[in-house]
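Common to both upcoming complexes is chain A, partnered first by chain B, then by chain C.
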Partner chain A sequence: MRGERWRLIAGVALAAWLILPFLPLAIWSVAHGWRFPDLLPQELSSKAWAYALSARAGVLDSFALTAGIALATTCLAALIGVPAGRALALYQFRGKGLVTLLLLAPAMLPSLAVVFGLHGVFLRLGLTGTVSGVILAHLVPVLPYMTLVMAAVFSGFDTDFEAQARSLGATSLQTFRTVTFPAILPGLLTGALFAFLVSWSQYLLTLAIGGGRVQTLPLLLFSQSSAGRNDLTAAIALLYILPGLLILIVTARQVTGRGAALARGLGG
Partner chain B sequence: MTDRRRIFLLLAPALLILGGLFLGGLGLTVLRSLRYMPALGLTVPDLSAYRAVFASPGFLASLTLSLWIATASTLIAASLALGAALLLRQSFPGRSVISFLVQLNLTVPHIVGAIGILYLFSQSGAFARLAHAAGLIAAPGEFPALTHDSFAIGIILLYVWKELPFITLVLLANLQGIGEDYESVARSLGATRWQSFRHVLLPLLAPGLIAASALVFAFAFGAYEVPLVLGASSPKALPVLAWQAYTDTDLSTRPKAMAMAVVIAGIGLGLLLLGFRTLRRGGPNAR
Partner chain C sequence: MLRPLAALLLLTAAAQADTADGEALKAMTWDQIVEEAQGGTVNWFMWGGADTINSYVSGYLADRLKAEYDITLNRVPITDAADIVNLILSEKEAGVTDTGTVDLIWINGENFRSMKQGELAFCGYTGLLPNDALVNWDNPAIANDFGVPVDGCEVPWNTVQFAFAHDSATLAEPPADMGALIDWIKANRGKFTYPAPPDFTGSAFLRHVFIYAAGGPESLLGPFDQAKFDETAAKTWAILNEIEPFLWREGQTYPTTITQLNELFANGEVAMTFNYDPAQFGIAVDAGTYADTTRSFGLSDGTIGNTNYTLIPFNSPNKAAAMVVEDLLLSGEAQLEKAKPQVWGASPAIEVSRTTPDVQAGFAGIVGHPSVVPAAELAKAALPELQADWLTAIEKGWLENVGN
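Up next, the complex of A and B:
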């Protein structure tokens, strides 16, 4: 059928375009001097990878620091975002539109809109150049995302189950632990994984608040890239996308559901 | 506990953190842009930073460039995403591979994509090497400047690469909610494929498409690290210009940096309200 053939061609073109930027990264990471106009490197070498994975390069330290910041940001965002998402999904109240806007705007507006002012505030609090300052700053884009996902999760949650548990004599804590928490856990985990990725990808907020003293992977990546070390840059870039790849494989089955949750969340 | 108290307690931490950080950051930016700095004895707000910013040719060139980047990226990414979503809605061999790639791309940080685009399209990049092998060019300088160029082609390519999957996923989620019933009804009433797309499906998809596009526009307009990697040294994209003014050793340029940040915030906020209102008014959820 003609339609089917066109679909296949369009699909191949789309797949090629999506995968294209990864190809030079993969080749550069194992290239030994890949000069113009060689189509492929004359020699292959594992030097860049060996250096990137060695202790002295600092790449692994940076990886651990970036992951630690993202993990801490995600936990804080979950603690604050779960109750907020519940309030947005299950209650009607005056000023809800405004509250929703305030809770979502920080993720939608460019970081640059707040970063200078944030730097001023953090300077006074003595938080610039510290890891805790960077974690707090990452909450600006991460917390709205978490709240949005939890609002979508709670909109499908039936509070009658809680009422039944309470009427059978469970305390608030018991009700939360045995009824609410298991029900929201799958959504919470998906939200947490993607909150992790949002923090993991931050560049400007880390640069501004960390003041160069908190060297996360994207900062390291940029400094290697501007130093012209293409092989090392490519190796770091590939290491940097690894967690996203793992998260995607873990959540592969839930992703269409997450897409729906995202769109529903956008619908308010 | 009354509902009002419960709602307040549930929302308080989020409002405290986001209100404090976001409104605090934004508020201080606005005050500084008005040159209100009591510590330096400046207690009368004025608009001189804005006047200075709008009078400088560099600012207008950067503003125009950033608007161009955001407009071109959004239009191209949104139209391609519409096609991709309609494609991925059908079954064909290899669909699951493409779905995986679309989702994978969503998890890749912008700076990685930007470096990939740089290695592909720069004058000594993969395509320049292919052009050389094909005998089209003899030296890197003869390859058209697609990165660090004044039309920001490299930046736009990156956003098309990165935001196409985002819009596609939003549209696919909407398509799931819409189902195929409306189109089948239209077709059974004699509408052509094109008519049922144009008059039935597209209006149903429009709110999600507009909201996702508004987000992409705001991002492409205000992102810093992409033009940092792929942009020309002059004119610079507005966020790069603002950051440069902020980190200048000459502290007197700071109010100008703040004024530029306020312009970026204003445009972003306007788009956000547009997206918000579009979604409120219609869309698959409003049915």
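Up next, the complex of A and C:
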């Protein structure tokens, strides 16, 4: 009984801790004139939202572009990260330590150092200023997360289940679809969530490789906030956190619920 | 396998009007250039901080370009033009000579000097624009960008003159000249500060103090003079160090950007802010950022004025379309539109007397924003901008002698 009450208090405190910082953002986005020492704005106005959602502001275009880039990056990362994670977790091979280190390197090195070298290479390849160039560049910080999550998933995966399915006559595709994929799905979703959000929040890489021509939401947000328009910045910032929230809500059950139990059962 | 791919590449290349060859364009008539420009896309890199300016560019200008010339205008918001100069420089170093990222850039001052010195600008074409006739190139403030001759490498867009803003509800009588401002700062502890250079606006404020210390701009015009600089700089640092303890937070720290100073002003922490483009005060009041009682003023010993420009980089692949954009920017109608306070409130870079009677009547009918000091009033006491070498020396000297 007492434990339950503490849990409730802790839950409310945690929720408040997470939500409170967004409260000023929400107020700013509808404020017209909110100056010290006023506790609340002088007037409420929808002009920030009207501008942010209008076609000429380019915010919606930028939103769609950012989502497209993050989705493409996530899919590519999954295509590479699933086999790579499996190899790292299940197989022994020469130079495994080195490969792990190389995969982890982008997550450990300061991105500023990476960006300059990368920009030179991409320039010579003619990839700067293009969306595909930006997607490729985003793979650099995204891949370590995907690969490591998948390696963790596969380290708890018993390959005997695949062998059983194969011995019962399943093709390798059928085995993957009906045995391996359901087992790794919760982990894959977690990895994809990380991948999407890491790509979604890239600023420096996008600016350098995109050359300003690939206007993702973080770039737009920064240019707005550095101009001192708190109302517009708040409206764009609220749009910016939307996908993260949505993904969290949609995948929360998958990641923690039934799917995870299945993986545990299979992993035995 | 390769052949369809090559055909596809050829097809897209043909569909995209490639007008990277500036020399070929210079040999054409204007009508031919307009024809070449059709279907082109112009990537215009410009400071993206004001929603009013953004709306004018992405709305009024983009709509007209699409409807009248079939040109797509892609506004690329940036925070600092210096980054874009570096981008074009690195493109040049990598051998990108005809497929550059940038087709047009809003620029002036040190950044223009860097572009010109690095041979990164497309030059010698401005006379081809029909609306070039509206520009008074005999005016040295137009023909020189911070003392650097323009030489047909850029096209003027706006003229601005530095002004200060105060809230008339809390400060009824602002200081009238630089001497009075310095006295006011010492009498009102913690109510004034300025952004540390290299902030563009903070650096401009420093030049006002520098010109005041020199006793006027006359001896500072022309190329950099080390002896003159040393003499004036010593006086300037003395003034700035003298007022430092009376500044916001006792001068222990300075705002790093004009945005921070504006925020301090909006919240009443300091009593004044300033800007190179007084129209920004009106925009901030309309946005609710500043109080309605905000007013602006110049100094009786003068404030610095400058012209800002648009420039086409040497490696722009859409030079024809970029030229058409520049011509539209110069037109009386487009200059009138952006002069309206509710649109932007920017002063024209053209001679209004050379425009059509309709446009002239439009300019005459503009009622200024109450928070924006009229350009004509500021112009009564105008100071010329110093050459870029002075500018960098002052910024460097400040860091060593005042901001340490």
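Please note the rule applied: the second predicted complex is superposed on the first by the 226 of 268 C-alpha atoms of A that agree within 3 Å, B and C clash if a C-alpha of one lies under 4 Å from a C-alpha of the other, contacts with A are read in each partner's own complex, and residues count from 1 in each chain.
Quick note on the criterion: a contact is a pair of C-beta atoms (placed from the backbone, for glycine too) under 8 Å apart; a residue touches a chain by one contact, two chains touch by 3 or more.
For clarity, every value in this text was computed on a predicted model and none was experimentally measured.
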| item | value |
| --- | --- |
| Partner, of chain C and chain B, that touches more residues belonging to chain A | B |
| Partner chain(s) touched by A:G120 [first = chain B, second = chain C, both, neither] | both |
| Which of chain B and chain C A:A227 touches, first, second, both or neither | second |
| Which superposed partner A:S111 touches (first chain B, second chain C, both, neither) | first |
| Which of chain B and chain C A:A72 touches, first, second, both or neither | neither |
| Chain B versus chain C as contact partner of A:F36, first or second or both or neither | both |
| Partner chain(s) touched by A:S45 [first = chain B, second = chain C, both, neither] | second |
| Partner chain in contact with A:G211 - chain B first, chain C second, else both or neither | second |
| Touching partner for A:I184 - first (chain B), second (chain C), both, neither | neither |
| Those residues of chain A which chain B touches in one complex and chain C touches in the other | 36, 120, 222, 230 |
| Chain A-facing residues of chain C, complex | 43, 45, 47-51, 54-55, 58-59, 62, 74-79, 83-84, 87, 90-91, 94, 96, 99, 101, 257, 259, 262-263, 266-269, 287-289, 291 |
| Chain B partner contacts - residues on chain A that touch it in the complex | 4, 7-8, 10-12, 14-15, 17-25, 28, 36-39, 79-81, 83-84, 86-88, 91, 93, 99, 101-106, 108-118, 120-121, 136-137, 139-140, 143-144, 147, 197, 200-201, 203-204, 218, 221-222, 225, 230, 233-234, 237, 240-241, 244-245, 247-248, 252, 255-256, 259-260, 262-264, 266-268 |
| Chain A residues touching chain C - in the complex, by the definition given at the top | 31-36, 41-43, 45, 51, 56-58, 119-120, 123-124, 126, 128-129, 211-213, 215, 219-220, 222-224, 226-232 |
| Contacting residues of chain B [partner chain A, same complex] | 3-4, 6-7, 9-11, 13-15, 17-19, 21-30, 32, 83-84, 87, 90, 92-95, 97-98, 100-105, 107-113, 115-120, 124-126, 128-130, 132-133, 140, 161, 165, 169-170, 172-174, 176-177, 208, 211-212, 215, 218-219, 221-225, 228-229, 239, 242-243, 246, 254, 257-258, 261-262, 264-265, 268-269, 272-273, 275-276, 279-280, 283-286 |
